[in-house]
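In what follows, structures are represented as structure tokens.
Both complexes shown next keep chain A, but they swap its partner, so chain B is in the first and chain C is in the second.
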Partner chain A sequence: MSEMALPRSIALVGNPNCGKTALFNRLTGSRQKVANYAGVTVERKEGVLNLPSGRRVRVLDLPGAYSLNATSPDEAVTRDVCLGRHPDETLPDLLLCVADATNLRLHLRFVLELRRLGRPMILALNMADAARKRGIRIDIAALQTELGFPVVETIAIQRDGAQDLLARLDGQLPAVPPAPEADLDVHAETRRLIAHAVTMPAPTSPRDAAIDRWVLHPVVGVLILIAVMVLMFQAVFSWATPFQDAINAAVGWLTGVVSSLLPEGMLRGLLTDGIIAGVGSVLVFLPQIIILFFFILVLEESGYLPRAAFLLDRLMTSSGLSGRAFIPLLSSFACAIPGIMATRSIPDPRDRLLTILVAPMMTCSARWPVYTLLVSAFVPDRRIGFLGLQGLVMFALVIGGIAGALAVSLISRFLGRKLAEHALLLEIPAWRLPNWRDVLIGLRERAVIFLRRAGTLILALSVLLWVLSTFPTPPADWTRPAIDYSFAGRIGHALAILFSPIGFNWQICVALIPGLAAREAAVAGLASVYAVSAASEDATAAALGQALSTQWSLATAMALLAWYIFAPQCLATIAVVRRESGSLKTTILATLLLAGMAYCASFFAYHITLALS
Partner chain B sequence: MNTYHFFELAVVGLIVAASTLFSLRQTMPKAAARVGELARRGGMPDRLASFFFGAPKAADCGCGQCSGCGPAQSSQTITLHRSKSCH
Partner chain C sequence: MILSSTILMTLADLPLGTPTIVRNVVPQNPQDSIAARLKDLGFVAGEPVSLVAFGPFGADPLLVQIGFTRFALRRSEAARVEVENV
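Coming up: the complex of A and B.
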């Protein structure tokens, strides 16, 4: 390759959790998800870098890898792109190796391996500020001379933290580094380079070691984990109330305005009973979603989550799940889809399949509106000591999903699935104060996703449900409620035959249908059905909660909660299971498994509650 | 039936039609594409068929990371190999 050439495509490559995606975001202005643990990026991502000279360069963010000897599907993506074997990618002009400056002992090995490829390279020593704070001194000039290609320091989370790198990228392609000896021992070479160019006071930070002594303690650590989770669910309930009241009031006000402006008729019915009732009943849960993700993002940024994975590894492996399943399962708390995709970091196909099967049982954010609606309506707002009962019930529901996942994996283990030999080798990152910019970006993204969903899919489904609940209109000599004559009423009554053994009434059966497109649409569905049935114009979520608490039995509410712990009610999730597993049989198995578990759990919840009450 | 009733009927009809199309495209992109193909064969101009039945830019799966159910990222499917019995 000519030395005078200018790079047109760059691939960011390096060990997991060295800040590749943060640097990618900094260079391209993207907003890809970043977190302080390995395995966040499992697929290549593309962006465009506008260099100071005005040139545009294509930038690829590759999944983290420890070696070119890929052991998992995500590492295979990186290997294939670097070697020019990827079917959809050309060989990048420049490899931008990113290494964590605080952990060069590990990261330099992969850099040395990449040097063997004989491609133009630049090494970005990321987190240079953290290294300096720890007293790590890196002789950049010496390292550059030894490696044979340019080395720059970067701080991906700072606005001007990539200036040196940008200047380098704006120039010509660096020369191809000299080929190392064929039998070079990368471990010995790493040690030599560190001895030559790096001064390190201590391998780990004393502060981190002191915190980890407690956080990773087998007993105290688990207690801390439980306390963190309980605090999170308590906060979700108690902090959100004033904001929810404000949204409820706004929805009520809007309903009043529309009702007073329009004469009674089809259009007013569509706007108040369909759109405002449906979308408003979901919108009201926005504060809770934001508070929940605030906690999740802070935990992600701080570096706590891999430590939690370490604590739970024994529990997970003893139940038959791979320790590597922790991160995918954790991602599933936002949405099962990224969770299922994150299973690409699991090398063993059987482990990966099992994780895909159980990932939808984690409490995704779309379940929150359903849980919160029912918990608020049926669980008294009482305190047990300093803990709220509603928060504790939410915690129990989340634990219910986790217990279900562990039970399935345990059963699969008893059915003869051998445990894979891939033990969990987890890189524990340094503790970090959350980067508030990333937290705010994350919160904004979650809010936008939630609002976009409410304003598009939920709105469309609410309109369709209103049509189904309103037409056909009742005959002249009608005696029953008007909605009974509608399509929705008829469908609901027909489905109720199947669902009555688990305590579901026909209104729930109707709401389950839009819930197939998006779980929280079930809340919008209930709101529309009850708004169409009700004489009152009050279409707020509070009014829906009140209607449910007076018209449903506690047993029915418990049955619906149990249903939602396991229900495979999300077409997008099923589609991703199909895509990732590549097997229709697996997809059907997963759907039937989850549906069967949901039905059984609801059956027991309904009948046990009936017996107890 | 007065003018307001006509107006009401037209607005409700439009909202319902748009919602139906949107829901179809978001939740069943392949089915929507098939309908689009049928519409093209029936004489609907290409541009209109793509507008009404084309694949969504991103489906509303809620995560923002999956490219929706529309154009798939390169999937990495699972291949299970039967373990060979030892003799």
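Coming up: the complex of A and C.
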């Protein structure tokens, strides 16, 4: 039948965290995200493999699954594709099963389950290097004979780590493996195969056991977790400073050059007050974003995240969240959008919805510019012991978001539909040394995303805001500041009626509008508004900080910080909540909830600070 | 003095490090998806299993070594797994 056929489409399928995506990237030259925990890939991804013979094959990367008996939305995608039931995918010609060579007791069972489908298969024993290092010996030939389909070793993270696989894929489609007896017990068969073909010196690596004795220790482990978080926030603040000073100096220099070259007028105003002030004020946060992502990527690659989930599970469940929510919530510190998408690995619909609801409260990287600007302008740069006060305030803002999330889940539990039991069942992977090349690629990607946003979205918003705050120009007999006559001035003053109870002046109200498109654009907005109204030559973020610290009360700054912990900003996040929850009602509820929390938090922050100062 | 060599208990009752083998996974209801998933993950009769660590708050969750893999399981989940001494 298909004996002579060549495969045209391949699907990568296997247990979570066996390196399918790394192998997919190796085969197709893609750069899909990889990390060391289960559930990084939650949707199918497509790529093209160019075989040595020049033939092109379509490759599909599927979310990891423990079984075809799916328990979460991401596993259901894999099941449907493998069974040919997926609405948008045809049945792949070849199943490329990927198994972690160090974890065969678990992974072979799923391979045997897939064999029952009666489709052409190849088994790739991935992480062959890690297996060899641990002294694990696998008799490939014996395994191949017993399974009845080809088996190859791969090292997805090595340049030539997929040579054998490529050679095999370039040949004929392998024959459908002979059907096993109908009542074959896959667990017993797995045990038999391992006894037959695998020599395993120790069930887990002794090195991992030694590290975990401390990292998962009830006291030491929690201290390590706190230390890692504090170090991260301190580093983002203090390591970035020299780079930020350099960017500030460059922006100031550029403003000076433009001002000296161009005559006083509209064009100069647009360039210095609009574009340079707006984009420059955001650009200066690039070093912080890079350092933040360096920590996130290293934590992801090493395998620390599931361990942190293990340590925090009880705290999270006692507030009504699942320990499974930890990783989506942690991803939300980069950006709520991938965080909300990562909730697809949460099996229980109620858990998943609650996680989607609170994910936007995690401190995403777009909030850092706003936080940093205000914290450096209003919080004195003092040290408490060896910790900087500014870093501690940042830490408190992040904790504020987490506390809000816990409060919401507690309340939802109280209002509560009765608590069904929600599984944790979280695999704790082997420790892995971060692959520095992957970390660098990840950092470059984040830097490019940040710069592209600054060069497009933020630039456009800055120009728009400059136009709004410059036109219409006031008549000759106008005595108040010119900006009060402009569109921006009028909009700001109108909105200020709504926001003055929480201490926002009209300039903040103007800046909130571009902040809807991108949170960090609020900084650009403030920079533009203050640059236009002050007509100052110095449009750097440092100058903006100075302007704010002289013109705002401490209470106003605290109110704006509190607002930003919760505010339902960035329309893209709301759109993703809509898509992932599949319900307009939920989306509106989430938006109103966040707006209400933001308003209340600002109100209290403002009035408490006023009363204290 | 002659005791039976096996004492029946669940995974949730085990002290750290005691080597045992799985005897059975007991579903709590006919549609117990957690019990089904535990079986898929390798919690089947005859499989060696032991506890590696306890979570810091209320000694929950449990870190369980089964086969070559380690899973974090809540006590309520582990209570479905009956084990016996080796």
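We take it that the second predicted complex is superposed on the first by the 611 of 613 C-alpha atoms of A that agree within 3 Å, B and C clash if a C-alpha of one lies under 4 Å from a C-alpha of the other, contacts with A are read in each partner's own complex, and residues count from 1 in each chain.
The working rule: contacts are C-beta pairs under 8 Å (C-beta built on N, C-alpha and C of every residue); 3 or more make two chains touch, one makes a residue touch a chain.
Small disclaimer: the values here were computed from a predicted structure and weren't measured.
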{"item": "Three-chain arrangement built on chain A, chain B and chain C clash or fit", "value": "fit"}
{"item": "Touched partner set for A:117, first chain B, second chain C, both or neither", "value": "neither"}
{"item": "Touching partner for A:313 - first (chain B), second (chain C), both, neither", "value": "second"}
{"item": "Inter-chain angle, chain B to chain C through the CA centre of chain A, in degrees rounded to a multiple of 10", "value": "140"}
{"item": "Touched partner set for A:104, first chain B, second chain C, both or neither", "value": "second"}
{"item": "Which superposed partner A:229 touches (first chain B, second chain C, both, neither)", "value": "neither"}
{"item": "Contacts of A:467 with chain B and chain C, given as first, second, both or neither", "value": "first"}
{"item": "Chain B versus chain C, judged by how many residues of chain A each one touches", "value": "B"}
{"item": "Distance of closest approach, chain C and chain B, by C-alpha atoms in Å", "value": "15"}
{"item": "Touching both chain C and chain B, counted on chain A across the two superposed complexes", "value": "none"}
{"item": "Residue ranges of chain A in contact with chain C within the complex", "value": "66-67, 69, 71, 102-106, 109, 187, 200, 203-204, 209, 212-213, 216-219, 221-222, 306, 309-311, 313-315, 317-318, 323, 347, 421, 423-428"}
{"item": "Interface residues, chain A side, partner chain B - complex", "value": "33, 43, 73-74, 76-77, 87-88, 263, 265-267, 270, 334-335, 337-338, 341, 344, 349-350, 352-353, 356, 364-366, 445, 449, 452-453, 456-457, 459-461, 463-464, 467, 516-518, 570-573, 575-576, 579-583, 586"}
{"item": "Interface residues, chain C side, partner chain A - complex", "value": "33-34, 36-38, 40-42, 44, 47, 52-61, 63, 65, 67-74, 76-77"}
{"item": "Footprint of chain A on chain B - complex, ascending", "value": "4-5, 8-9, 11-12, 15-16, 18-20, 22-23, 26-28, 59-66, 68-69, 72-81"}
